[in-house]
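We call the chains A, B and C, going by the order they appear; numbering starts again at 1 in every chain.
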């Protein structure tokens, strides 16, 4: 087995006095899709927001523990540097409304003042949009603002935007929950393709989605990591009773 | 019994509706009258020479309002330079730090500033600038107008930015963009239409103000471009001419009023167009 | 990162500047009033003498002038503001008529004060003079009544716009409950809408009052500029704002100027308090209603 891309060690997370994550120990496998699941409020979104250090931005938010990205401690890295190595796609598509599609894709560079030649920009935009399976639909409209795109297309634009930075990991927070079934299918196919080049951590509350596309699943309950393993195995023979109850829909 | 009662109530209802409509329409009558008189009395005097010549000395016919127009423009620019950057920065702070104690007190301060009568702000500018400098000046007028405009800009920026969804900021931060760049290059542009609208409405408000200029910019018969000297402005000119005993100055005042009202109208309309057409949708 | 810190410092600095400005304004007014405060003390507020020659100053005539014109204008404008508010908040919320009315109201609010004064001087004053002649009163034309009328026209948009908001916020199911019981529209307005919106309307009135108290130019041009207590609403008078406008540049000695500044301080305090109460009421009703 290859070395894990992320190693989470004894992660505790707090919002003021409330303890949201209680000592998570988890290794995220490289070039695989890892699903993070659990009932509402179990801390799954908090966990991935810890990975790119967005959790710290909240009022009264606090973190203890360690996370290693390819053996680098994320707390030793500057958050901005970290966030260029770890991409994030949000629940509701949020392309920048004042920028064109082209500019949205390279926004990570543009906003950071990185100077690119015209060829470089063109190359990055084309590659990222192709990887996000959006190129054919927008290649003639690159300089229009992204607001005319459908929800699913906007989400793929956000994925392209994250991919343009060549991240090592992409964090997806319920990426298709705001999309219709047809768009969801396209996103799911995309995710499966993407794992060849980048490691994927995906929060989802949709059990069948996790079953469809994830290779590994972590089950969180009330801030604790209850079970982690290969998806197929976990879904057929869960080791913990709580996992089984969740998977069979007893609570959710 | 019931039949009669119902009939009375229905009549009351109709009378009420009529009454309300009448009163409401009556309120608009002064507006129509004012506009009618301004246009009626003033339009004859509007010509190119009127707009580009200087006022004539007392008693001499003719003359123009060029120094007043230029003065108003310079004063407005001064006020904007002084109030817009500070106002936007303060507005950004308020929208980004909603729950801090400081924000509460700043908000209170802004409310107080907004409630101060413009003549009192003129006193302040007099004591802060005119007294120490020993002379009336356009700059002191600009200061007084800036004090009027500041709360307008702060509020416009704060309210506009508050409407921008948090997810936009998060998207930029998640790309590794530093906070300050996120605000300047993502959030501010998204709120541009609202902020611009606030600025235009602020300008339209201060362009017509006379009281704060009475003892700051003071007015002048000359074309003045130096902000350290007293300067004329449209509202000042209108006030001086209207309260003078000279008939032809009254006519010029009507014409100048027409110019001023047209200016205010243009700013208001532009603000409206910007706020609807340029509005960024999320 | 250095830029990060600099940015936050700039933002913090900007709000600091705002707070400092407001405090400085208050302190400046206080400092400027000191000579007058020391000389006349609290008697300033009740004394009716205003004599630049002897150096005796008292602010009572202006206080009365301000309060009289402001409250009179409030009373004159109230029926009209309410009518507009009911018309646009209840009867015609959308459509071309509502849009036109709204634009007209905005225009009313946008016309500069000096133009109101100008118009008042040339059209209202002769009209009032005519009325005074018919009533057998001294035909000044200018005076408290004229000023109040102009003020009333000017503040209609302010109380109207807040009242429109509040009335439009009255929950539909309350009104429908009344209608389903057989009430006429007038009765619904009288028994449901107005009581519900009452505090919001009061808040709007206070804010309009705050505006009227500080209004300078239009009042100066039609009030007659007499530094004495008015005998009747037909007499000329002066308000706190208009006496400052008229005499500030002529105040050559320290005590004269200081007295005018003290009037400015009084004006500042009165408008700040009235506006604060008004804003508080509007805010509280807005927040309450949302729950």
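In this section, contacts are C-beta pairs under 8 Å (C-beta built on N, C-alpha and C of every residue); 3 or more make two chains touch, one makes a residue touch a chain.
None of the values given here were measured: they were computed from a predicted structure.
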{"item": "Chain at maximum distance from subunit B, centres defined as averaged CA atoms", "value": "A"}
{"item": "Chain ID, smallest distance between chain and overall C-alpha centroids", "value": "B"}
{"item": "Length of the line joining the C-alpha centres of subunit A and subunit B, rounded to whole Å", "value": "48"}
{"item": "Distance between the centres, which are taken as Cα means, of subunit C and subunit A, whole angstrom", "value": "56"}
{"item": "Approximate Å spacing (C-alpha centroids) for the pair subunit B, subunit C", "value": "17"}
{"item": "Where subunit B touches two or more other chains at once, by residue number", "value": "178"}
{"item": "Of all residues in subunit C, the ones touching two or more other chains", "value": "1"}
{"item": "For subunit A, residues that touch 2 or more chains besides their own", "value": "80"}
{"item": "Subunit A residues within the subunit B interface of the complex", "value": "52, 54, 57, 59, 79-84, 87-88, 90, 92, 94-98, 107-108, 111-113, 147, 158, 161-162, 165"}
{"item": "Touch list for subunit B against partner subunit C, complex", "value": "9-10, 12-13, 16-17, 19-24, 26-28, 30-31, 33-34, 37-38, 85-87, 89-90, 92-94, 96, 102-103, 105-106, 109-124, 126-128, 147, 150, 154, 178-180, 183, 204, 207-211, 214-215, 218, 235, 238-239, 242-243, 250, 253-254, 257, 260-261, 264-265, 268"}
{"item": "Complex contact set, residues of subunit B against subunit A", "value": "99, 165, 167-168, 170-178, 181-182, 185-186, 189-190, 192, 280-282"}
{"item": "Subunit B-touching residues of subunit C, taken from the complex the two chains share", "value": "1, 3-4, 6-8, 10-15, 17-19, 21-23, 25, 28-29, 32, 79-84, 86-88, 91, 101, 104-108, 110-119, 121-123, 153, 156, 160, 184-187, 189, 210, 213-217, 221, 241, 244-245, 248-249, 260-261, 264, 267-268, 271-272, 274-276, 279"}
